[in-house]
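Per-chain residue numbering starts at 1, and chain names A, B and C are given in the order in which the chains are listed.
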Amino acid sequence: MKENFSIIGKRLGGLDEKDKVLGNVVFADDFVMPGMLYARVFRAEKASAKIKCLDILRAQSLPGVICVLTADDVPHNESVKNVVGQTTEVGLLEAKHQVLVKERVRYWGEAIALVAAESPDTACRALELIEVEYEDLPAVFDPLEAMKPDAPKIHGDNNIIASWKLRKGDAEAGFAQADVIVENTYRTPRQEHAHIEPESGVSWMDDMGVINIRYAAQVIEHYRDIATVLGIPESRVRVIGTLIGGGFGGKEDVTVEVFLALLTWKTGRPVKLTYTREEMGYGRHKRHPYVLKYKTGATKDGKLTALEAELVSDAGAYVYLSPWVLVYSTVHSTGPYFIPNVKVDASSVLTNNIMSSACRGFGGMQVAFAYESQMDELAEKLGMDPLELRKKNFLKRGDITASYQEITSEVLLEEAARKAKAALGEKGRGSKTKKIGHGFACSWQSYGRMTYLHDTSSCWVNLEMDGSAVVRTGIPDLGGGQRESVRAITAEVLGLKLEEVHVISTDSQVTPLSGTVTATRALYMSGNAAKLASENVRKIIVEEASEMLSAEPERLNLKDKTVYSVDEPSKLLPLVDVIKRCAAEGKVPQNLATFKAPFTEPITTDIIKDPVFPDFTFGAQAAEVEVDLETGKVNILKWAAAHDVGQAINLNRVEGQIEGGAVQGIGFGIMEDYLEEEGVPLTWNLHDYIIPTSKDVPDIMSIVLQSKSGKGPFGAKGIGEPSISAAAPAIVNAIKDAVGIRIYHIPATPERIFLALQE
Amino acid sequence: MSNRELYDIALTVNDQEVKGRVKAETTLLDFLRDNNFYEVKKGCDKGDCGACTVIMDGKSTLSCITSVLQAQGSKIYTVKSLGTWDKLHSLQQAFVDYEAVQCGFCTPGMLMTAKALLEKNDHPSREEIREAISGNLCRCTGYKKIVDAIEAVSKGVRK
Amino acid sequence: MSSFKFYKPDNMEDLLKVKEELGGRALILAGGTNLLIYIKEGSIREGTLVDIKSLKELKGISGDNGYIEIGAGVTIAEILESPLLNDRVPFFTDTLKNFANPLVRNMASLGGNIADASPIGDTIPSLLVLNGRIKAACLKGERSVPLDRLFKGPGESNLKPDEVIRTVQFSIPERGKGTFIKLGLRNGTSCSVTSVAVWLAAEDGRVEDIRIAFGGVAPIPLRLKKTESLFKGEKLDEEKIRALSGEIDKEISPITDVRGSAEYRKQVSVRLLSRAVRICMGMEE
């Protein structure tokens, strides 16, 4: 492909953005249908209990209530997903959860019944009329307790639902070679996604007997789960994905769609269901809290010799994506370092807490907090500059990781760390009571789904008679500009302006399936698919024009709706003439292309010893913090984030991903924690669950590195998740620099820092 | 007397008169959305996120914790009062140019807060901008580009 | 299921009549930033919303001879923008700069923040050290209640069911300097973990007068008179300040909640008081 891009890599103001600033976007909750019912979910107020009696009669007989559904009304009340790649030796193999509680409640907030009524008020009133009698059951809330043989069991006979290991070299021998060893236990919080748009959707039955659900979906392929629950063919469920008001993994697992489909299926009427903010708190999964035991050894000249780690994640009451999240943690647990001897044991454990599942970073950021804290502590023990120590151990292109995967793209970690640190400039002075520190951290994060999932992404592109293009792609846009990237790539390949490309997206029965907007895969997968389809359309045009111009097709280019010879620019044709000629000859300028990620076999043992990911994104973030000695409060004064994105598609958007990821990571590092006491949620609104405001973060200095070595379109790497992981360890390392104490349990709240300072 | 007593309400939204009958506790947000002003967003419904911000009688206001009956006769402006597809308001244009928008859900409220700020203080410092938008949560952008966009408008810079 | 009525009194007398008639079932609606949330949360399920937002009698800020009177319906934003208050008592306006956020400040009223009787109401510690009083009005007349006798417990005050707060008043101390420090878990829109207000007048480093009030360390916003008496007459240096601040232990009884433990609140309050005193003494910025 040509080197001088006209669109790619520039600062693009997309068309979707224009609709957003005008208030034109019809988000999920902004959509209405005539005759629409309003739904609410009746939820458990027990963390572990048996339902002795559930009385819905009073709710049902309330005027305006059209139906109340319980587990008995759900054709297949179990939503089951096989977790590909988990071995048969451990726990539950299936990510099972009940749609509505049948007998046993396993977490506070679990859905018991659905109400649909003529008005939101009536639905709300009906909830108050549902009566349930519980019998308390034994419960367990601490994952370490839950691992013990005599702990109450959440499902089946084993609370450990997934185990993964890394085994490389001989860890014991590695520690024997080490001059210094650092051993610590780290804890990370249960982070809430806190997207500003609540989960929401509207469902209806169309005139062909298809159930349509228009909702904020990161995964439109959930139409399959819906069909399974209803016991109807997949072809009779259609998911129309909206532009999403933020997701971060919160709209990745099923939310409102199954409930909506059930209610429309039962009533035949359109139904709207929007979660309240509180319900987003107690009704939907969170990021896994982890306990991480790390032991790292190095020689006195700074070479890492061994890592031994035990990771335990709190899966909450249902499996969901915990085994996969744990794969990510396990693979990324070494950090972006070459370590000759590695022994990692990771477990995911059921408890009666709210379930944990996908959240931006997906298991990669909990381990980053641990491995980057370890690196700084090692450097301190060795009396070595922290970057010097890391430089001696960074992975390089061609290295093999502890999960036996070759690094096949550039690793610009040293440049990233150097630039991020330099961007901070001189350290501020501080005062007697307020101390200032610098810290940084590096991270790596895969992009693209696990290769044993055999991920594909399809895209369809055609040229209209006027030379404008239409793209059909299934990819949802959760706010990261996924749809705009597809537009930019198509425009670049076909020599069009952004305005000349129309993207139709996110409809399971209209757009080719492009897969999920998860796992930092959207640009990599749907971007490659769009590039492939556009190139195939371009080929049709160029070949036709080559005949018309008597020029070699390879020497022709498309720009500004003309096809011209690069050797003789005066030799040109209007694009529309070529399209007309194509039409006359029955050569329709359209193409459906499918991009295939590398495929590998499912993992057959619990030791990960084969490549699992397509590639990795590397980066570093650096922080200047001020710590108040008298209160323990941390202020973030400066922040720099440098990441190699391979090739930027829209430079503004790349910076936006970096800045937003850093700030979400800062929240994880210093203030965010979804608290539960004996399974009862304590911070279920945005008043008590606090996220950073504009006054809590400085201007993030984003530094975009472009190695052009990624597997995405034009050498791009993914950046959605990689931007979040380095933040928390950078803060904790900076706190150490400022006041000499290390925080092992994040978030680093004023109280935790204050208490550590007293010791 | 019925326990669901209703009250007449009349106000103007984007200079258009809107009337209705509402309950005592109906919020301005619910009233606006019930009257098809869907550009005003419900993010938390408790005054914690700012997505529902409108300008009411010249002041940026959380419509989710404003009783609509207190807005009787008020002039309400939503993001749709700003510009059109062919002619964006300078703040809207800057939000596009500086990519101060990601998912766009906080944007309508954010823009109204920004507009109210610039009407009161046409040359705010970056710190003043950060103060002004501190009641409007954004989970996507990290805020920098929003501050950039508002600052650019205040300085008359076009990107 | 909840059921509410709405009433907008034309004037003060009309308001007091409604209060007389409905008592506690007349729910005073000013900015709505608390009341509408309580209604949505279901903690208030019935009553009449009495809209006082545009009652002129509750507006206005006046001051002469060092005596300030602020209408209960004045919003936090109006206080912050008041040239009179910024000029005469910047200590008080500074206090409100971290009150919630600008959106809430546009709506919330001073009277509402006081009537809410939250132990962490951000307007209250400063008013306590200014020896603030409220004028509580009812049909029978008016009484003046010192703020340090107004609160009974979280959300509970000594206002009678037929009373409304009409104004808030205080005298600007002739000498001395005030400081308010609020500790929140974040910088924007934050509930106080604890907050402290200090007014201090000193001569040659010796305390002539000191007033100390805290939010978030007891069921009500608290004036710490015992600690004040220990400070009075003392010549202060940093060590002395630290030692005397430690004496608040005997007067406070914080709780543990999602924002912090009781123990942390105790210890950090001591440090916040030290800091506030040092600032008042000009020992630090």
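Quick note on the criterion: contacts are C-beta pairs under 8 Å (C-beta built on N, C-alpha and C of every residue); 3 or more make two chains touch, one makes a residue touch a chain.
This structure is a prediction, so every number in the text was calculated from the model and none was measured.
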Fill in: Most contacted chain pair (by C-beta pair count)
A-B
Fill in: Per Cα centroids, the chain farthest from chain A
C
Discussion item. Taking the mean of the C-alpha atoms as each chain's centre, how many Å separate chain A from chain B?
Written reply: 29
Worksheet item: When the centre of a chain is set as the mean of its C-alpha atoms, what distance in Å lies between chain A and chain C?
Response: 44
Fill in: Sites on chain C at which at least two other chains make contact
101, 187-189
Discussion item. Could you pull out the residues of chain B that touch at least 2 other chains?
Written reply: 45-46, 48, 131, 134-136
Worksheet item: Multi-chain contacts in chain A: which residues touch at least two other chains?
Response: 687, 693-695
Response to the item:
Residue set of chain A touching chain B in the complex reads 11, 13-14, 16-27, 29-30, 193-198, 243-246, 248, 274, 276-277, 478-481, 650, 652-653, 655-656, 659-664, 685-687, 691, 693-695, 697, 699-700
Practice prompt. Sort out for me which residues of chain C touch chain A in the complex.
Written response: 1, 101, 183, 185-191, 193, 258, 260-261, 264, 267-268, 271-272, 274-275, 284-285
Worksheet entry | chain A to chain C touching residues, read off their complex | 125, 128, 431-433, 630-633, 635, 671, 675, 682-683, 687-688, 690, 692-696, 749-751, 754-755, 758
Discussion item. Looking at the complex, which residues from chain B come into contact with chain A?
Written reply: 38-39, 41-46, 48-49, 51, 78-80, 82-85, 88, 92, 95-99, 101-108, 111, 126, 129-131, 133-147, 159
Worksheet, complete the sentence: chain C contacts chain B in the complex at 2-6, 8, 29, 32-33, 36-37, 39-40, 48-49, 51, 53, 77, 100-104, 106-107, 187-189
